[in-house]
Each structure stands twice: as C-alpha cells, then as structure tokens.
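Have a look at the structure below, then the notes.
Going by the order they are written in, the chains are A, B and C; count residues from 1 in each one.
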Amino acid sequence: MKSVLSRFAQMLFVLWVVATILFLMFRLMPGDPTAAYIDTTFTEEQQQQLRAAFGLDQPLWKQYFIFIANAAQGEFGESFHHRKPVIDLLMEVLPNTLVLTLSSIIVAYIFGVLVGSWLAWNRGTRAEAIVVPTVLTLRAAPEFWLGMVLLATFGFGLGWFPSGGANSAGAAYGSEWSRIFSSDFLHHLFLPALTLALYLQGLPLLLMRSNMLDVMQEDFVMMARMKGLPEWVIVLKHAARNALLPVMTAFAIGIGQSIGANVVVETVFSWPGLGRLLVASVAASDYPVAQGAFLLIAAVLVLMNFIADLLYSVLDPRVSHGARR
Amino acid sequence: MSRSARVAGGSIRFEGKEIAGAPPSVMQEILWRRMAFVPQSAMNALDPVYRVGKQIEEVLVHRGNYRREDVPKRIAELFEMVGLNPKRQNDYPHQFSGGMRQRVGIALALALNPALMIADEPVTALDVIVQRQVLDTLKDLQRRLNLSVIIVTHDISVVAYVCDRVVVMYAGEVVESGKVKDVLEQPVHPYTMGLTNAFPDLGRAAGTLVPIAGSPPDLRDPPPGCRFAPRCPFAEPRCAQTSPPLVTDEKGHAAACLRANEAPMLREQARDPARWAA
Amino acid sequence: MAHVAEASAPEDAAAEPRVGALGRIMRALRLPRGDFFATTGLIIYAVFLITALLADVIRPHDPLEILFSDDGQLLANAPPSLTYPLGTTNLGRDIFSQLVVGTRAALIVGVTAAIVVAAIGTLIGLISGFFGGWIDNGLMRLADVALGIPFLPFTIVLSSFIGASTWTIVMAIALLLWPNTARVIRSQVLTVRERAFVEAARVSGSSPWRILFVHVAPNILPLTFLYGSIAIGWAILTEASISFLGFGPSDVVSWGYMLQDAYGSQALSRGSFNWFVPPGVCIVLVVVAGFFVSRGYEELLFPKLKD
C-alpha cells in the first residue's frame, strides 16, 4: 500500500514537472508571453478581463502558480479560433482518440501475443524466417506512410473505405455512444485502426517470442515436462503466463505513448482526435488549445506509465507478495 | 531431460522395463507417478507466479486423478510429511527460505507416492545445518514410505550420511560402485581415493585436504584408455591404451581400474599428499 | 560482454589474416563478423552513405527545379520514364532527384541524433550506475520526467517555437530519448561494477573517474552501439513525421518533406504511387538496417539466443 502511494506521489511529481516545462516553453517562445492567451482581435476590455482571469498582469512566479492551479482543474482558457473553452474542445475529440488507440492496440497485442508464442513454438522454421523480417519491416515503416499507402489503395483506389474523418457529413446521433457504435463510424475507423495495429503489433510479437524462448529454458518448464503435465498446461499456464508479464507492462505503456504518437495517423486520415487538434492548434498559433492538448496527452502518458508500474506489481507475486523469511 | 539431450547408448531399466528410448506414452505412465524428481534448486524449478499449493494441486489433479475436494487434505499431509506448516501452501516460492523450498520440492516429488525419487544435488545450495535437517527428512521418508532414492551429488559427506550404495562416476563413466561403507573405507579406484582425500573428515586434522590436480577431460574428445589416467598418480603406460573393464568382487564391490588388485598398497600411498601434487 | 568480442578477435585474425574493409569496419564497431543481419544492415548503410555523398552527381535534376517539356508544357505528374525514373510531382519536379537528395537529410539527422542520444544515455547511465546514491536517484527521476513527455507533440511544439530545423529535431530526440539507453547502461554498470577487475582497480588506488572510463566504460560499449543503431532509425522516423506534419525545415528536401508534398497535393487520390511509395521504402530500408545492426549487437550481448 505504501509503495502504491509513493508511486502515485512520484506520478504527480512527474506530471508537475512536465506542466512546469510546458509553462516555461510557452513563456520562452519569442514575442509577448501573453499571446498564449490573448488573441489580438480581442477587444481591450476582453483582454483586460482575460489578463485578470489568468493573472497575466501578475509577475511571472504568480502566473506560474495560477497556471498550475488552473491546469489541475482542467482550466486551460478559451480557444482563439473556436471561441469556446479549451476543455470542451478536448472532450469533444477525446472519445475519437481513445476509440482509435484502444481498438488498434488491443487488436495488435492479441495478434502479437498469439503469433509471437506460435513463433517461439516453431523456432527455426521457415515460418520464422518469413514472419520475423516482415514484422521488423512493418515496425520500420513510418505509420503515416503505411496509412498513406493503405488509404491510396483501399480508400481512393478500391473505394472500399472513406477517405477520412470519423463520420459522414451530416450524420446526426442521439448520443456519443450511438455515434461510436454506428456502422458509419466503424467504417471510418477501420483503415486508421488497421494502420496503427500493423505498426503496433511488432513489439508484442517480438517481445512475446523472445520471452517465450527464455521461459522455455527455465527449470520450472523443464520440471513441468518431467511431471508429465499435458502440453497445453505447460505452454499456457506456465510458459505463457510468465512470458506475458513484460508484455502487459508494454501494453499499458504503449497506450500512453500511442495517444501522443497517433498525431500522424490522425492527420493522414483527418481523424478528429486529440493529436490532430494539437497539430492544428500549433499550426494556427491557437496556444491555449495547444497547451491543453499537450498537457492532456502528457497526463495520459504519465498515468499509463504509473498503471504499467502497478500492473507489474499486481501480476508478479515476487513484487506484490514481499519475501517472508 | 533437456530437449537437446538424448540417450546415446546403454540401457535404463526401471521396475523390470526398459525405458531408454521408450515411447512418450510409456514414459507418461512412469513420470511422477512411479518416478519423481527433486531439483537442485527448487527456486528455479517452481513457477514463480503460482502459490506452491497450486503447483502441487496441478500434479495431483492432472497426473494423479485426484478429485478437487481431496486435494487440500493431500497437500496438508505432504507438507506435514516433509516438516512444513500446511498453512504455507498459500505462499509463493520466493517467500520460502532455501531449506524450506527444498522441502516443498520433496513434497512435490512425493505427491503421487512414487517408488523412486531422483534428487539432483538436493542440499548443495543450503548451509550445513539446514543440509542436515533436509537429509534427515529424506532418510526418514525413505524408511517410512519404502521409497528408493537416487541422490546425485559431488558431496561425499552426503553420500556417507544417507546412502546405502554408491556409484562413483568420472567423466561420464562408472569407475566404482558398491556399498557405501566398502567404497568409502576401502576404495579401489584411485579417483575414489582422491575424492575421499579431497573432503574434510572428522577423523583427520583440518588443513590436510588434498585436491586432485588437473581437470576433467573434454567429453567430446575423451582420452583413450582409462579416462582418469591423465590425472592418476598411479597411472602406468598401459592405462593410456586399455580401457579398464568394470570388475565386481564377491561382496558386490565393483571398480574399473587395471591396478585394482594392488588396491591395498595404492590406498596406503594415496594417503601421502605429495602423491597428488601436480 | 565485450570479453566475447575481445576474446574472439585475435582468433579470427589468426584464422583469416586477410580481412576486407567491411570486416575491419565490423570489428571496429565490435560487431560479430559474418553475422548475416549485421552485414546486410551495414551494406544498406553503405549504399545510402555513398548516395548521400554523391547526391549532387547522381541526381539528374535540381530537386526543386520546375521542369517543362520540349514544347514548353509543365511536366506535372509525369509517369516514370527513362529521363524521369520515378516521374514528376504535380509541380513538375523530378521525384528521383528529390529521393537522392533526401538521403542526405535522413543520414544527417540519423547519425547526429544517434551519436547524441548514445553519448548522453551512456554518460548518464555510467554516472548513475557507478556513483549511485543521490546522483543516481536524481538522474533516474529526470529519466521519469523525460519519459513522461509525449515525444512527437513535444517535437512539434518545440519546432513551432524555436523554428523548424534539423537541429531542433536532433535536440528533441536528444532531450527525450536518452532514458532508455541510460537505464539499460545503468543496470549493466551495476553488474560490471561488482566484477573482480573493478575491485582490483579500486584497491590499487585508481581514481573513480579513471575506473569508470578505463575499466567500466569499455565493457558497456556494445550496449552503446546497440542503442545508437536503434536511435538512427528513430531519428529518421521522427524527422519524417515532423516534416510530414509540416513542422520540418522548409528549405531541406527530405523524404518526410516529399511525403508531405505528395499528401498535400492529392497524390493519394490520383494514385501516384510512384511519388509517395519510394520515400517510404527508403525510410523502411534505413530503419531496418538499424534494426539489423542492432540484432548483431544482441547476438553479441545475449549469445544464448543464438543456439
């Protein structure tokens, strides 16, 4: 329990440092630091109001405390372009990013774990000689380029899938859930999710393969054989269970990293997600949105790193059940 | 047992049946049910992610056809047999001390009432006091359960303490075998003489341990003749040419040495440490 | 670790006194000689390196020159032909020339970033593992922070603030990617530190820094190369992503720039595969070469996988 608390404290510390770095970055950029919040088209009155609201008339150290306090409450100000609170914009696109990330990473990991174990089982065969270099090649391909090729082939070329976006124009839905589960949404989701999955499957596959090969050498697997246990018990309950530990950690960390790395795939498929919002806002100097999106992506990343840490200690009894000697 | 290893020749007989090269179905019947194994390090031989009770249960259910409801009673019984608190079946392997873990290993081996238990260096990784406790448990179980135990070890004091018969092997070959008392007190093969010199003995002053100079041969390319000849202080030219046959005397004491008939004299000379100098 | 390399080197030299240039390079890089993957990787690197050096000789046209046909027509979206091996862009620029010139940007980013990441990661890992205590603690917390910053978004924001250039990208990679290398090297140092020869050096009165750089560092060198070879790929992928998103240097023709140009000019809907496939293939080849070379180091570092 104590270690969970200390890990949690550590996570908050990291988050705080990241927020501070972000604050400094936006203050260090050339020009008027208040430009991060105030658009020149605002009226003088509006500007004064905002300056006061964000404490921008205060000295830098005070601004810093106000920034941290606001960020902790999810208060990032108002977008220059959309003229609405940043938090609303973020929450609009967050479901799209989450669905895209989770669906692709789950598919990738299930596939990777199964094929990785299968390859370990078929060590030194022709299958290995074909699959491993293929996987390495897929991992070496830039995600967005993979997306471009798939989009040009299956989207524009064959016309099987739409060319971008998350929903067809004009479609209306009763709730966020009915939108996400509509066939139209899933149709739009397929190519970007496939692109990400193709890229992501390499890590779990190679990890699972090498872990399995390592675990198979362990004494306890040899012992299981000597006990005459059925082969499926040896493979699933002993080898796979142990080999899965690091893959589960990689999975959690992968979710966190994917949210940020999705930027490029979201751009290729014009997927209205967090990454695309970040790119658009940075390009348009819509700093409040950029700050908010960045911080949200960082928060997910740090949170998932924390969960990965916890997950490992839950799944590995050597960590969760301390030695009792 | 390693997948890359195989039996190159010879014969392994168990309960009257030839099991070298036996098909998996035959081995499946024998493994763990009639013949069980205690590893050198139970730490590595137990799966780190399962409670030890679970690992015994696995054997009982998958191999012993135990019904689930009978399992807890059997595990408690096994734990008591090896001197462990039955409550500890809910602990993970890493939560046990080395000696306790070896006891878990023994309990696991006994799960299905085997006729033969093979123990590979069962106490080597333990400190001396714990070694003694574990060996006492083994001895006691062997008697009570009418169990045959094969102990593979480098430690002559373990042999002297628990075994009835001993087979001395050098470089993959049997060099001497017989009753422990005969072999250790009146060794015939120079290697056995060297071994008894190289281990501490209560009857001898400390500091007189005498090592055997040199190192074992490369088994991919063993020397011709007697494999021990290159390190043997009593080797004669013929030893490097002729492989000595294993000859058994009327007491069942066997040795593979061309100078076996000179054994009493060699034993006398072998007591002199200078003999063993490189 | 390094012992494996050192022990086998003289033997190899005796058995085969005439070692080719490739063999000598592999030995200098401490790669296992004759390893198929490592050799392939190095050959791919060599081909791209030569292309980058001779880019101005190889490229048939200026990569940004707008080409016209003999009758004065703009050569937009020309299909591949003998004069334009990969065709032209929608603005009539020669794709093959861009591809050749793009090699330079990729190698500059890749090699600089790899050197910087490997150097920083190794130094921090060495110091952290060797000195331990509060230094170790502080550096590892710093690593946590670096791992808590989303890489691509950070690079995007940095590029937009301090200006898009190759150096911005190298800097972002240096700032955020060192922890992976540092952590592995740190744990390696922890084991090397306990070895007898380090103890011997300590007892004989060598200064800590001397022990660190003379006795410990050489033993972790293959790990440095391993992470360096992986970083080359990372850097090239990052450069391509950043350029594709439009935050790359505008004055440099790179593979990422080509892909952005193609994407922005509707090459996808026109099906101009000749435009956007080649740069991707080049990226894949260079990154795969990095993986292959790193596999060579893994064979060296973890020989048990070989059997």
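Here is the rule we use: contacts are C-beta pairs under 8 Å (C-beta built on N, C-alpha and C of every residue); 3 or more make two chains touch, one makes a residue touch a chain.
Remember, it's a predicted structure, so these values are computed and weren't measured experimentally.
The chain pair A-C and the chain pair A-B differ in C-beta contact count, and the higher one is A-C.
Ranking every chain by how far its Cα centroid lies from the centroid of chain A, the top place goes to B.
With each centre defined as the average position of its C-alpha atoms, the distance from chain B to chain C rounds to 54 Å.
The distance from the centre of chain A to the centre of chain C, each centre being the mean of the chain's C-alpha atoms, comes to 24 Å. Between the CA-based centres of chain A and chain B the separation comes to 55 Å, rounded to the whole angstrom.
Looking at chain C, one finds that none of its residues touch two or more other chains.
Those residues of chain C that touch chain A in the complex are listed here as 141, 144-145, 147-154, 156-158, 160-162, 233, 237, 240-241, 244-247, 256, 259, 262-263, 267-269, 271, 273, 276-277, 279-280, 283-284, 287-288, 290-292, 304-305.
Against chain C, the residues of chain A that register as touching in their complex are 10, 13-15, 17-18, 21, 25, 28-30, 136-137, 139-146, 148-149, 151-152, 155-157, 163, 210, 213, 217, 257, 259-261, 263-264, 267-268, 275, 278-279, 282-283, 290, 293-294, 297-298, 301-302, 305. Residues 1-2, 27-28, 31-33, 37, 39, 41, 44-51, 58-59, 62-63, 91-92, 94-97 of chain B are the ones that touch chain A when the two sit in their complex.
Chain contact summary for the complex, chain A toward chain B: residues 218-220, 222-230, 233, 237-238, 241-242, 245, 315-318, 321-325.
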